[in-house]
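Chain IDs A, B, C and D follow the sequence of writing; residue 1 opens each chain.
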Amino acid sequence: MKNTATLLITCPDTRGIVAAIADFLFQHNANILHADQHQDAENNLFLMRVEWDATGFTSGESNFNLDEATFSQEFAPIADQFSMQWQLKLSQHKTRVAIMVSQYDHCLADLLHRHKSGELACEIPLVISNHRDTEALVKFYGIDFHYLPVTKESATTKDNKAEVEAAQFKLFANYNIDLIVLARYMQILSPDFVARYPQRIINIHHSFLPAFIGARPYHRAFERGVKLIGATGHYVTEVLDEGPIIEQDIDRISHRDQVEDLIQKGRDLERIVLSKAVRWHIENRILLYANKTVIFD
Amino acid sequence: MKNTATLLITCPDTRGIVAAIADFLFQHNANILHADQHQDAENNLFLMRVEWDATGFTSGESNFNLDEATFSQEFAPIADQFSMQWQLKLSQHKTRVAIMVSQYDHCLADLLHRHKSGELACEIPLVISNHRDTEALVKFYGIDFHYLPVTKESATTKDNKAEVEAAQFKLFANYNIDLIVLARYMQILSPDFVARYPQRIINIHHSFLPAFIGARPYHRAFERGVKLIGATGHYVTEVLDEGPIIEQDIDRISHRDQVEDLIQKGRDLERIVLSKAVRWHIENRILLYANKTVIFD
Amino acid sequence: MKNTATLLITCPDTRGIVAAIADFLFQHNANILHADQHQDAENNLFLMRVEWDATGFTSGESNFNLDEATFSQEFAPIADQFSMQWQLKLSQHKTRVAIMVSQYDHCLADLLHRHKSGELACEIPLVISNHRDTEALVKFYGIDFHYLPVTKESATTKDNKAEVEAAQFKLFANYNIDLIVLARYMQILSPDFVARYPQRIINIHHSFLPAFIGARPYHRAFERGVKLIGATGHYVTEVLDEGPIIEQDIDRISHRDQVEDLIQKGRDLERIVLSKAVRWHIENRILLYANKTVIFD
Amino acid sequence: MKNTATLLITCPDTRGIVAAIADFLFQHNANILHADQHQDAENNLFLMRVEWDATGFTSGESNFNLDEATFSQEFAPIADQFSMQWQLKLSQHKTRVAIMVSQYDHCLADLLHRHKSGELACEIPLVISNHRDTEALVKFYGIDFHYLPVTKESATTKDNKAEVEAAQFKLFANYNIDLIVLARYMQILSPDFVARYPQRIINIHHSFLPAFIGARPYHRAFERGVKLIGATGHYVTEVLDEGPIIEQDIDRISHRDQVEDLIQKGRDLERIVLSKAVRWHIENRILLYANKTVIFD
């Protein structure tokens, strides 16, 4: 299994940044595997992703000679000089993912199969659902399934959203969850939920945003008579369907396609778009600024 | 050059329609070249396009034995029986197209080149512009160019929209125009203009509608951070950018693309989408219902 | 569940075919749901697919008034008159599918999930594999799994291909199999196998045929430096990878993609392309001529 | 107009390359605009493209302080240390392009329009054709047109290929041509021609190579019954259609499409693919190795 370190940097754009980083890594014997950078002229921003071989320290001078703690110390002067926001990610610390799902299981089944195939280098210890439909599938893959039904407000009772979310937070904490994936989870998260996990909740929306924000996008696409349908993977922020877009894709439809056909074609889009968004997140390929994503591929 | 007749039918869906039409055409010796139909269950509608060989009447019994006038008489009982709306189109009566354009000439240049190549089986006798930029190009292709500048309202003068549109209507009449193509014409048409030419004005909008309705869609797409840009060819109706969609396409963009890159990539989309929309119109492949298009391909 | 009859016709193109069929169906009270036709001028062929409501005979005059046996009798004169090859397919007789697979399970998992979701209107009673890797997955979906390992020829033994295929034929017979789907089954079928099931074996090939016929197409695509990879779903005929193509799709790659990336991206193509090919077959949408497919969508 | 310098580097992969280059550019006050790199593990190669602001030397210390000649001197030690192959390209030295064309003018018209629109930052002083069909179009754009007809070998005469190519070489020299674009030029170039202009001849082939190498690819695609057609832009090498691929794209076809439809749909592919290939070349975005292209986007 690969053993790499990835450094993600955002800072004001100025001369000498690349030279400083490259020198630093060279001095510490890093064998760079991938490096990519992006400059945004309008916002005067410099963004960089660099990944290097982090094979064990005992194997001698041919390897990177800092560990996670000493890296922070040694890198601090450069980070300060250029006012960097930075993160160091080690491939051996695998992202721990919780999947939330309702009744449609196509994205869930897809993510679980990809994970088992080795395509998604993360841990998936936990699936939460407000329905029991996916329980057998989740257990087949050896993953813990937690059933947390959501009740609606009625004449005699309040809804239980707050209690359910409290239980969810507890599960996320117990399982040390890093990333929450909404794989067609049909409940709206509270502002508190969203605020607790910034840039750590990925949702799949079944339209090419910003078209058809909100409910029943396939029905509305059908009524509008569009010739393309889409799906959008995005980070969840406080405003519904307006978070930073990670990935989008479309498929062609025609007058022959009824709403059911849109839904069926859309399932393939949702599967592929969501799995890419998750993959790029866990491979530390995404940087955010100005409500946009930079995807280092 | 081909010589065909095309019958377009819309009527309530019931049994026996196809049998009645097929019998009629068989009795009159039609050699059917293409036939396609669509049923919309929700609206209980039947839509059909059938095209047959209309080679000259003198060549004997192997050919279709009705002309345009006698067709109407003979077909009337069937049309009445099934409450049909119908149109008969002869390929020898070529659609006469006027193109309206402002300064961006990529769609215009594309349409003129396709027309010259024989890809668009129409006449293009007239181009109208509110700028002189495209005059040389239009004349190179041997087409009449009319310059009708539009002035804005100011402190001292009214705008001249009404006068300009009156002049345009006159030109359309003089040139016997059947179809008006807005090839990046950057003026908004008056309600009167739109009402005069129902289903006879095609526009190219530079976004995947219904996203980014209105002005500066590429700028807004850039700000939103979408991963796909699009273009939409549609009929113009009274509500801006809400007419029936004929064709859409998209291209992929990334964080590396600036607004200028979106504009440049979008030009290819606009060219291809608009040319397809125009082509399908002039080949009588489009039927409308419920603000949607059926494209018989 | 829907209850329809579908008539598929191939015959020499001449006048009066549509009229004859439409009259026949009208006389027998068919409520036509879909009809599509294709004419091939070069081969002078007429091909048609017509689907109508076949709800029970007891429900009176509003329904189709022939059953499978009487249909044949009544339709025979028309079929003879136009020299038709024809098939009548009833949606209630679901196609019985056997899936053959080796170790890569992504297409298998995809087909089983789609089937369970109701997207594939067929029976899948049987999976055969030369490996045990997929056994648990198959059983999870409640489907019989048969393990038939294939041994290679060595110094001391012959290969067991003939015995294995004999066992496979027996299983196909016992399970009343109509269609065999090779979902990344990595053994080459004998000419005898192929000859027994004409137009009844669908394979997924992991390239855009006719490029990269044969083994290791992703490796060869990588070496050639192509910018697109593809997958092809096709009927199996005696010549390897040269059967009629049902569906193809591609994905974009770049110099950043290694062979493993091609393989991973290709899995999504293979899943989608194979599932469409299977779907169109079981929905009786495919007619063959001249080593090509007509897909009535 | 932009004024940048672009450095393209290929060398064996080892530690310290990026640090050395970044330090060098920083020492000489370069304001880096874009940087991208690629490592090929299999061939142990490092490839890099870096572009920086090269605004005039007189404007003081805020600008890059080397000119073309001193750059070579100063950069030599680094280049030697890492065994680099390198090129320095200045945006102010625009690539001079000759277009060769036969009768189909769609790629030519497209390139000329894009050039006029400012999309292609090159000079196009020269078009050569073996037919007169495109002469008026070329002259409309103010470009020199040279008619060099090619005669075939017959009973009484030899072909004139050698004489024609000699005349072409002379024109390339007289016009200081850097890049030759074959925009549907239907003559096969001699080995001598190809050898004279390595990596300086771009061709558009009307199939998704390596499928349908050679003549009449659309006809062969039609016969094979493919569901996708393609186009490939590539550098010309001694072996027909086997040079490094720069760009490919495809479009979907169906059984309804005849050969003429493939040809028509293919024109859009050819236009877009060829224009991208030319654009990336003149923007110095392409590096070659192992018969493949790296496209720095």
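We adopt the following convention: a contact is a pair of C-beta atoms (placed from the backbone, for glycine too) under 8 Å apart; a residue touches a chain by one contact, two chains touch by 3 or more.
Just so it is clear, the model here is predicted, and its values are computed rather than measured.
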Neighbours of chain C that also touch chain A are B, D
Count the C-beta pairs in contact for B-D and for A-D, then report the pair with the higher count. A-D
Give the label of the chain whose average Cα location is farthest from that of chain C. D
So, what's the distance in Å between the C-alpha centres of chain B and chain A? 43
Between chain B and chain D, what is the gap in Å from one C-alpha centre to the other? 37
Mean-CA-position distance for chain D and chain A (Å): 38
Check: chain B positions touching at least 2 other chains come out as 256
Which part of chain D faces chain C closely enough to touch in the complex? 38, 41, 208-212, 224-228, 230, 244-250, 254-256, 258, 290-295
Could you pull out which chain C residues touch chain B in their complex? 15-16, 18-19, 22-23, 25-26, 29-37, 39
List the residues on chain D that touch chain B in their complex, please. 105-106, 109, 113, 117, 119, 136-137, 140, 254, 256, 264, 267-268, 272, 297
